[in-house]
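Take a look at these structures.
Both complexes shown next keep subunit A, but they swap its partner, so subunit B is in the first and subunit C is in the second.
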Partner chain A sequence: MAVTERSSQLTKQSNPIVSRLRAVVLSKEGILFLIMIAAMFILSLLTDKFLTTNNLLNQLRLVTEIGLMALPMTFIIITGGIDLSVGSIFGLSAIVMGFLWQDSGWPLELAIIMCIVVGTIAGFINGLFIVRVGVPPLIMTLATLALYRGMALGVSEARSARGFPDWFFDLGQRQFLGIPSQLWILLIAAIMVGIILARTPFGRGIYAMGNNELAARFSGIPVRLYKLVIYTFSGFMAGLAGYIFTSRISTTRADMGTGLELDVIAAVVLGGTSINGGSGSIVGTMIGLILIQLLKNGLLLGGVKGDATIVIIGAILILAILINNLVQRRTGGD
Partner chain B sequence: MTATTVSAARQSSPGWLKNLRTLVSGQEGALTLSLVLLVIVVGTANPRFLAQQNISDILLNSSYIAVAAIGMSAVIISGNIDISVGAMIGVLATISGQLSIVPGMPIWISWLVPLIVGPLIGAVTGFLVAYLRIPSIVVSLGMMSILKGGLILATGGVWIYNMPPEYKLAQQSFLGLPVPVYFMLVLTILAALWMRYSPSGRAIYAVGGNKEAALLSGISSRTVLMRVFMFNGLMVGISSVLFATQFSSIQSTVPNGLELTIITSAVVGGVSILGGTGTVIGATLATILLRAIGNGMIFINVSAYWLQAVQGTLILVTVLIDLLRRRRQAAQIRG
Partner chain C sequence: MGATLELEGINKQFPGVKALDNVRFDMAAGEVHALLGENGAGKSTLIKIISGVYRPDGGTIRLDGETVLFNTPREAQQRGIATIYQELSLYPELTVAENIFMGHAPRRKVGPVDVLDWKAANTKAQEILTSLHIHTLDVRRKVGTLTVGNRQRVEIAKALSLNARILIMDEPTAALTEADVEQLFSIVRLLRERGVGIIYISHRLHEVFELADRVTVLRDGQYVGTKLVSETSENDLVSMMVGRTIDNLFPKLDTEIGKPVLEVRNLYRRPMTRGVSFQLRAGEIVGLAGLVGAGRSEVAQVIFGINPAESGEILIDGQPVTIKHPGQAMNHGIAYVPEDRGTQGLVRQMRIRENVSMSVLRAIRAGIFINRREERSLATGMIKQLNIRAYSAEQVVNKLSGGNQQKVVVGKWLASKPRILIMDEPTRGIDVGAKAEIHRLMSELAKEGLAVLMISSELPEILGMSDRILVMRGGQVVAEYSRAEATQERIAAAMMSETAGNGAPESETVMIDESETA
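Entry: the complex of A and B
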């Protein structure tokens, strides 16, 4: 609080650099970033195993799948929608891949492509019903949450696919240029998607839809097409994440990714994207994602039991939004 | 049965034909019709589906979900959502079970405590939503983590056995039906009457439909939201007692995905996720329908593995039918 007041006095002398800096620091992402740095500092005091390059890179490896799905989820939540089916699409795609290869004798390369294709189709179906029939996104994806998971169960009959050849694990378990391979995908995807959201007409259209869909439609934004694109993209990413996850843990089962949708949504919402739509950013989502994982890992290494970690993360989710609300309200006032 | 009486009572204009038509075209009517159809189809294919024991099982297994779906309906009608209900049921059932095996403790205490703790948790959620204006999906997401982690932390996820026989409320029967079924029926009717006829009940619809209009007509949305979340806590409390007393042992963890089952019941029951419309009768009927579908599929030899896929499809179909119906109604109003 004291810092806030002092910095607001500084800007009264209207130094453009300081006021610019203040705007960045006091933005949702800025506050969240500060919270993350503070958390990292405290966690590094708890244990010296936490703040090592190896550990941090490894933690990022673990969140790649959630991160990939959080990118389209950011778009979707900004438009005021939601996609609850990503965990099920994730499971279904991976199961289709595993069984096309194991039972139907498809070449693994082709099965991997099908994994992503199945995810994309599943997302496209969500989008199609949402824009064509007008089913609210929450209800549509609640139904397909059950449907896609059910299909995964039906296809696999609760068996698992395993015994993949060695090259299959390159993406999930090995490194490329000193960094976990799949992290490159997340990095490139996040930068591209971040630029698309912040700097293109498409991205601005997404914000416009979230603020006022009717106004967006009247100003010539192809609302339906954009929605179809983002839900399809969400399915695509869930399929890709399903492949990466299978490559990381070496096996695939129908119940894989159950409840994952809530982790994805938590990262997006913690990242400052308003659940009511209209505001949010990819930078915020990525910070939210990393903050959650670092907390989980740091607390665990610091000797806090896994279950207590969940409690702390739940509390931080609420607190972070609360702090941000307070700061935004205060700065929004002047 | 209950749908008939209440929906009919709602209709002020006379004429039984008109009454019947509004009834059948409403979501509650559609659900009743689907239920009747299901019973006829599955019952013809396999008469064992209609055995009294099976019907009573379907109703019993619907009960604790339906009671929780009543609270959820109120929350969703107010324009919010509560994802933490599954975790709440886990926590409250554990508390109830643990109390029941404390020597010398009267049994009614283990039934009563969840009904007090439930509204308290609801009050915390409600306070964060109503007064600190954090979106309910975020609050309940956080609350879910806190409760889930806290429960395992406190208990280690142990199983609770050896509850005294008189504790097992849900295993008692009255006039041939399990006791929880009466809870489901009575609470549904009471909640429906409250939400339809009392000012405090109507206020929930007002807040969910149009917050500003509600404020201008003198309704404090904060008070209403606090009340809604505490009401939800109470329903979840009752639900958790029914849940805890139905089985011979309780695992002190959170039942997986229970919140989604409850939300699905409310939504399939016609409660609009956008807030402002829906009834608890629809929610209860939907709970029973979904249970009956799951149960019926076993009787017509659908592979257990495909059960969930068929259920998902049926949810989708129900929602689509409702959507088309609403669109036609809107067209009628315009025309």
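Entry: the complex of A and C
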């Protein structure tokens, strides 16, 4: 969004509609979108199983959890922070839910709520230490990455919860209005969070903090409160994602979500959010998320072997970032 | 060892701007030649050409009569041209001697291997410092632990270790205390006697008169003229710089002084705020003078809630208030224009519009959203009111000159419609024109009934603008003068000595790093 406007100054002499269009296309998000379309076109030539509504919707279903966690991660990375513990919070929340329902005999509805509450608390603890004690986010969440995972292992004692009632799978495995149920949640959350980031004082504060935290504080922006909010939100989303994931795969295991934080971060940074903070957008994150998943799926369907798939995805990610840097530099976008 | 330098017909074009247009400059051996001009006049570009950072698009440079062209700063250094930039370029984690000999340390043989000889470096560094009459600086100390003044001395020693014959100093006094400035001047005079030529850039005209032999003025990338300092006056130079005559640099208007708006009583926040009490009335400009490290900015930041008070009272309109963070201070109508606009005042990567609205984001909402139209009109209004030179409110602040950046900070705080305005070094490092504009603005604001607290290290500014002057030392207010009784000598004495002023500080008072400032 910010980028779109920035490049629009450069072309302001020409026809306003043309220049606006040009600005949108040449923005980080625009370029990424074009790369995604190009990738989809090539993949659809490899196999006719790829470009079908069913397959695409199903792929989106698979990335809902990562997508939900990528929303707060976008905020966090824009402020120059990071949250490495989301995969562990995701696992811990789901395990607690399974344990409360199966071992402690709680009603499943209450266990689901506790799943989200546990995630929120875990995120709040991250935020509290980062804000109050001043632990760098990387260190704090690296520590809780291990801590929360350890707690998940301790609670579950290596047993898994299974045998959930049928209604529990409505969210993860069924459709609502012809679209996978959980996709609605991602869609609504992404739109809301995107608007909050782009249009509200809170969102503006996030960008200001990422560019110059001291100046933001000197301007009366409640920097510490905002940080606490985004890390807590990150935990909330990880808890929610843990619930949706359990509903999708029907069981909980203590190692679920291991390494998931890297997928989340990859979607955010591929989407154009600067790892140094200060710039980024939800639209970019969503495109980054979808691009990675479609590559994985398309290459698989196209018969590319597993190891080669990872290599190709890595190469394409680097390429996408290079192309974007080149274009942004040429147009003076940044 | 002296060198002569002549530049003729120098041109330099950057995308969109002609930075230098047919500029000339010359200097003799052992001359102090001041370079003056508003920000954006081309001074920095010119010295970067002399020191080999930029290559000119046209024109000739002659060193000792021989035409030269430097491709890199290193080539210029090898010919004896050294530069001391505003932002000092030392390594804080290395010692004084290591910094001085960075890249050209003496070596010795250990068997077949050439190793750096730090013992010799220490001795040589000490010799250089002694030759500058600097006796108290330990060459084994880490540079990061030194005061700004001492770091600058290290920079100068570094230049001399490279046998510099021409030394370029870019605003060397901008961050120095008065005592450090004095010592810098004596070093400059010493170097001049030794035949080192010095190109001296400063916004402070009195320094030019105190130090320089000749002065060259640039304006908008063009050469305006060169004069012997002995044959010119401040008014002359100012009108050369701005192309117009400014009769009064400090247009202080007479105001009606009203009731006390802000009062602080026995405010504590250790180590730098130790029992500060004063009053600030509506329509009044109070100057807060003191050396760097006297605790002036710290008091301002206590009042503004950045580092809340440990004890003591803050009263607004006679009512005690709690201020724990800047948001609360802003709710009470306090605004703080901080000392360092780059790191504290602005988010330079963001636009003018976004910076100006930053203090009022909650006030210009439509529902939960920022009202974009109101935000834009606020920013364009400030651009007009403060005469900010920018092509639109959408311009990124980074691209503005220092003076215009400062106006954006001021605009941000005026947008919050404050009743109490604290300005910390409001005109540091900005050009004469912008400075006069900011002074006029402060004066007008006071006339409208604002209470202004102005922290400044420039005594003429303090004397010119203030209705009342407070002097701080060691975290306390040690003296207070009315406009009528204040003189430069009195204030300077109160700032520096232990005995002058009304309330002498207690024995526990510590100045930051006394050994350093001595």
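Here, the second predicted complex is superposed on the first by the 319 of 334 C-alpha atoms of A that agree within 3 Å, B and C clash if a C-alpha of one lies under 4 Å from a C-alpha of the other, contacts with A are read in each partner's own complex, and residues count from 1 in each chain.
One rule holds in what follows: a residue touches a chain if its C-beta (ideal position, glycine included) is under 8 Å from a C-beta of that chain, and two chains touch if they have at least 3 such contacts.
Computed from a predicted model, the values in this text were never measured in an experiment.
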Joint occupancy of subunit A by subunit B and subunit C, clash or fit: fit
Touched partner set for A:Val117, first subunit B, second subunit C, both or neither: neither
Contacts of A:Pro222 with subunit B and subunit C, given as first, second, both or neither: second
Touched partner set for A:Thr258, first subunit B, second subunit C, both or neither: first
Contacts of A:Asn212 with subunit B and subunit C, given as first, second, both or neither: second
Partner chain(s) touched by A:Tyr148 [first = subunit B, second = subunit C, both, neither]: first
Touching partner for A:Arg199 - first (subunit B), second (subunit C), both, neither: second
Superposition-derived angle with apex at the Cα centre of subunit A and sides reaching subunit B and subunit C, degrees in steps of 10: 70
Residue contacts with subunit A in the superposition, subunit B compared against subunit C: B
Smallest separation in angstrom, by C-alpha atoms, between subunit B and subunit C in the superposition: 5
Interface residues, subunit A side, partner subunit C - complex: 5-6, 9, 195-196, 199-201, 204-205, 207-208, 211-212, 214-222, 278
Subunit B-facing residues of subunit A, complex: 129, 133-136, 138-140, 142-151, 153-154, 156-158, 258-259, 262, 265-266, 269, 274-276, 305, 307-315, 317-318, 321-322, 325
Parts of subunit C lying in touch with subunit A, wherever the complex brings them together: 306, 325-327, 329-330, 336, 338, 343-350, 354, 357-359, 361-362, 365, 368-370, 392, 394-396, 412
Touch list for subunit B against partner subunit A, complex: 83, 128, 132-135, 137-139, 141-146, 148-150, 152-153, 256-257, 260, 263-264, 267, 272-274, 303, 305-313, 315-316, 319-320, 323, 327
